[in-house]
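See structure below.
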């Protein structure tokens, strides 16, 4: 009821922000998770151009939209990935520079710091994003990594992200790292390990998107209950298993939308996520932040889908019963 | 009935071959899949030392063991992987050399060629092994690979493996690439793609190990039926899903045996594989090769397990009914 | 279509009846199952105060509400329970008296008789309620009861309830005993035994609430088909299994709403009940009575929920196809 | 391999111990869990009659049987139950006395203390048994207990059992309370509560019987992992769900063996327990105690079954793999 | 979005077409699949009575209804069935004539040819219908048919239907044979055989009704993917499995609506069909034809149901995402 | 334990009876269900040739085999089928005669009567067999039969079989009609109807083969419980569902052994039958007759399989617990 339903702008950067804002408002959204990507939000202009942030806010306000969350998924990916040619498309030219991996990583780190400062400027307290991972290529494959290799990977993660989180702290911003394949944390226990690697510091929590858990066999509800204090942001996206004996969960290099895949993303409510259980779990932990629709369904017209998704979220999100004495559940 | 039950020697290279042979014979095995690893079988000695192969065969014959298959899994891995520090442990020193990736790959390629020649020397017609993959780090992660990146990966695979397969053809040896995570082919459709990349040449077929399909959600029976002419070798190994809501299929960097994993290998018959359906599928396609026990069960004493596994395979492998007119099933 | 959708007032006795009636009317309800509890309906005043019933009916008529069923769940519980301190809260002071168990049971019996008379006064023909049970503490535990102990328990049940049912018969009222844990009848076969204990007399039928069957593993549809002539009243309430390996069906003394429970009640349509199958089963047996929403969902705001539930019931309850020749199904 | 397979004598007290011992030895058992019941083991004689224990041990030794565990299930039940007529059959006459509940409970408490002393005399370090429960009648029924009532029940439990455990500590005996319906602890969370009520004192652990968890929907493996240090004894018994839409888990007062029940006990390996997962979990926690067959299968001849069960346990119990560095898994 | 939602008139032939048209328009339908049955559409009048077709079209146009498909299910059934007394009710008197099987089949064949000509007259390009089968009595029973008997049955099928399809070709009409029990093609492989029997000629495709696949255990999605170019028409009808241990899939001679059946038809969305997966599969193959509601739900008032079904179809049928480059999926 | 394990000779009529008997004895069988087919048992010789039966019994006795059941499946099929060309192979020439359907049916009827007399001669009290069905072609297809057609079919069944059962009664033989697709009774409710059609006369009971129920979705245990007094004979045969999305339960005209089928027969214990539940159900009803292995597994060598099956049955068939007071369960 009271949680705002917002739209993640990442999948719409081909549209001018003004056009997107108007559509989003008409579809019923109450805000945007603004992507630092293309012209939707430019970090360097936000920091250097007086009034830039104010104008963005005014533009959105005309469509009755707020901005509770800023996203730096793409540049965040580069911060501790093994950089290769694919990464050039993820970052602005000034971050990519000459493409030397060490330099790219360093400039990406600085860009995330700049983004945290821009968030403060914009009045936003949650920055969501990817973290990248130096260990991803060892997940599931052969030969497996030794304990030493894993430890080193987490140290690298901590080395890169601690300076960013220091600035986040200074700016009053929390970083919501998305639990997502390809990132340092992609399931329940790797999320524990990532928190541990940073000493559990409070600036780091999670962007929780149930679709990534579903096909891995992890129950999203269990994740929410395991980290009741670390759910800093929520993406609303669904996923469907489409196993038929020949398809597989690793998907044979096939792109989204190919029916030979073993799973795919779906519009919210059209996949396998148990949203009823999920919204109750979010109520249990007292999550008060936005529910942010991330549009990814390669089988449906996106405008049709975005409108349907907003209605779905509003129908889904009911008011919890008043608790007696305000006690919250914690598993002992 | 008629298919020999053999033991893969890779997991036993800490034992002298003579000792392993004696045990394997006592446990009931009829042969070994000999690993080119440690002192079990040394490729360069086999090619350069007269009588080396004959002595190995005699040693095994004393325990009534044959050698229907030779394995070069480790060095095969390096042939088209992105080489890093982990690979040093997989290959002999003379292959690793100075560790420069391009050189290591080239020497690994030559070593596999040498292994094919050694197989011929040994009288073996099937060489099983890994292929490595330049694309593995893109599977499941972010950002996904473009079609161009995938195409280039398969071209690299073809460039590296075609010369090897040419020699295989000359030596009367078939290469049985194991369908396995971390390899160019790890599920049904990636196996199709790998065959296509090589123009479907007959020297390449598959080592079929159902355990790798199970946790990916692929039905091993469907794989067998899809490639009735390409099952060149069979590994007998089981796997169990151990999902409990918190564990996941990508396994959080956890080693085998850790109960927080979402799946793990198991002794044959103690996991989730439907062996009844599988042996019938192998009967349908007329597979006549060995059934090779690969011991991987981190929860069971391996000697207890190897003996149990041999009994399991012999009980499993029944004689098919005589076919009328020899017609084979092919799905149109 | 034609079956009225009503609201059970038991969960709303903190509100004055007038206020509840107004809300219920606005939410779309067509009547109330009036609870003899608090000021919603006072049995002794109904019998002794001229015009009391008429005023209640007029009050409800102002909100376009009827009263097809009267409920005496709480006092009914005491009629053949082993009375202890918990029961004091269930009954009016004049029933509790000095709290001596035998006396309390006798006065509860008389109060249910009085309620049947009040029902007649009110023009209501179905009285729903609990029965209590002298045998509950033996269900599922240790040491189990001997056949003699069970037989004696059912005799006690008959001794207490036959006099009540005699008056029901005289008043033209049927008693709909709720099949519910803690009662003499809590599943399919115990319902058979309870009917048998009373010689199958027609004054006794059942209040059918599918939520109590769901977590016990009983299919509510099978219950309806087993007792086509004895479904005298229907409660609409859902339940969800929330088993995750650690939670259990006996619920570890945990209150409703605690996520460590293995099952819990849910708003209708948000749990595991197959309502589609259920409404068809009620159509098959020709059930014409009301569908009474009993609000119990500790995770949802009750006013939000009551309105949603009324919409759910109306959407659910479709008109059956005309039957040829009016034949009803009976399993031979 | 190394864990002894023993037989629980409780279900065989109609046979003289000598006869049972001979049969058990022939069936392959390595010991007995001796029941303090009938003439199998008489506590007062053990304490007062010199040589009594020695003679029992010698009698068993003639059949190559040891006694690793003593059982006081029946008298333990009475210690904190609400005593009624059913309990008379559970205890010796001198414990029942005049049958006044307070006195019976006190004498039962003293008898358990005497049993602990007798265990010491017998050289046994684990005493298994029931605890009884003042709260059982409130489980699952109506009206539910208030938090105060529950708290009081656990205090009663602590009051009765702490003096017993004090003596256990002095005698070097651990008490293994069976997790079982009808007892203070019957599932995972109630076991946590029971431990908490006693301040986690080490004299109290659990007799773990997976059959009681199965029908409640609790995964026995999760229980083992939750209490790795408190599994003091293991019963081997199976259970099968026999739900068909009409049967239910609370079983309608029906005795074991009646096909209208929704679950029933079964000979080990003939029900729904995942023994493969269970033995691995016991290996993980390093459980070294006996595996004690409790014969309860109302559909099979018990002598046939006891022999089959012994074979089953020996086949089930494989030797775990050697652990590197002895690290034990604990979920953080 | 763009696919018309139409109503199959077969189940409404008791209503004058004008009345049905008015209702269908009000319920939201955009067209009818017109049944050649009763007075809805009379083939001989259409061919012989000038203006007959035009008047029908005008009548429907008044309710804003089009006629994209004509149905000749009943007479089609007779074309290659073993004719018996049941068939008299399926065809007009002039087709039945003296009832001699050979003559009836011949006249039915000619009537389907006439219907194809009438379709052309009406401007309709798809003719849907049954084919009948000389082999049905051998499906599932005893003694099974020899390969020769099956081959002969398909030859009979080809002999009867090829002349019809020749005329279809001349008239620019495609015949959409319904995959349906009782027809020559009733599942995936029999559909392959039927196409093969006709040499794959393009005039023959399928009327796809997922309800017939559901209870046979065939996944309707797999059927759509197997025949991407042959789905010429789609029926929207649901089915539910109602297995409870006693009911069976062959249904014991019981009529629709009897709860002792193991499956039954249901209103769309109220059975077991995965419509989400199905509509995506139809999008994948680029199916552009109508979605035709066939009303069969013996438990629901048909007018209530027809209106609900139209809403269901419109909600179901979403606009697919734009494809890049128009490539269609084909399984290699 | 006490129930004899026998082999059905029908699948072995290519072997001389003497050879089969010797093998069956060696495999461990205790008897044969002798098929009246080929030279295994010739009815007319048995009736007309003195000493014929005695010689058969002596031949079998040399291999320690008894004959508790005689089978007339093939000729029974013809008694009330619609006779066509397929039936010629099922019966002796003197039954087929000129092949005119009415005459063939009459002579088949007389042959079954002769078989009952021969059974008496042989000292056998159970005659198992098929019944045929005039209604089979209407099961599952289109158009469905009217109630009148069904009624007429059952009258035909009664007309044909009542005279046979009269003679059975006179001979002290019971007829065990196999519940089987293609027969008048093929599932639970059609078995009820068949009994009703004969007025429930005691000469008619059932040959119960669980494999035919499995793929229809009927629980064989429920069938046993429904007809506790009518299980006159038991066939031991397994079946496996092999649904993969494309295969279906009606099997597309495909022969046994084709992997495109949706189900197939399997050797006992290698399919989907829950034998544990089944043997307990047979114990519950007190079935004392033989367990007769019917060999049908197109994927396994039949001699290997027959020996394995005998061992399976002996392991399966355990001794039930003694019942107290001999009470039998009946569902009220």
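Some observations on this one:
Read from first to last, the chains carry the letters A, B, C, D, E and F; within each, the first residue is number 1.
What we mean here is this: contacts are C-beta pairs under 8 Å (C-beta built on N, C-alpha and C of every residue); 3 or more make two chains touch, one makes a residue touch a chain.
A quick note: this is a predicted structure, and the numbers were derived from the prediction, not measured.
Chain centres were defined as the mean of their Cα atoms; on that basis the chain farthest from chain E turns out to be D. At the interface between chain B and chain F, under half of the residue numbers involved are used by both copies, so each side presents largely different positions. Taking the mean of C-alpha positions as each chain's centre, the chain lying farthest from the centre of chain B is C.
Centres computed as Cα averages put chain B at a distance of 47 Å from chain D. In whole angstrom, the spacing between the mean C-alpha positions of chain B and chain C is 64.
Chain contacts: chain B has residues 219, 222, 244-245, 260 touching two or more partner chains. By the touch criterion stated above, chain A contacts chain C in their complex at residues 1, 219, 222, 225, 276-277, 280-281, 283-284, 318-322, 329, 331.
For chain F in complex with chain B, the residues that touch the partner chain are 240, 242, 244, 257-260, 270, 297-302, 304-305, 308.
Here chain F touches chain A in the complex through residues 244-245, going by the rule given at the top.
Considering their complex, residues 77, 82, 86-87, 89-90, 130, 133, 135-147, 149-150, 180-183, 186-190, 193, 213, 215-219, 221-223, 226, 241, 243, 245-255, 260, 262 of chain E touch chain F.
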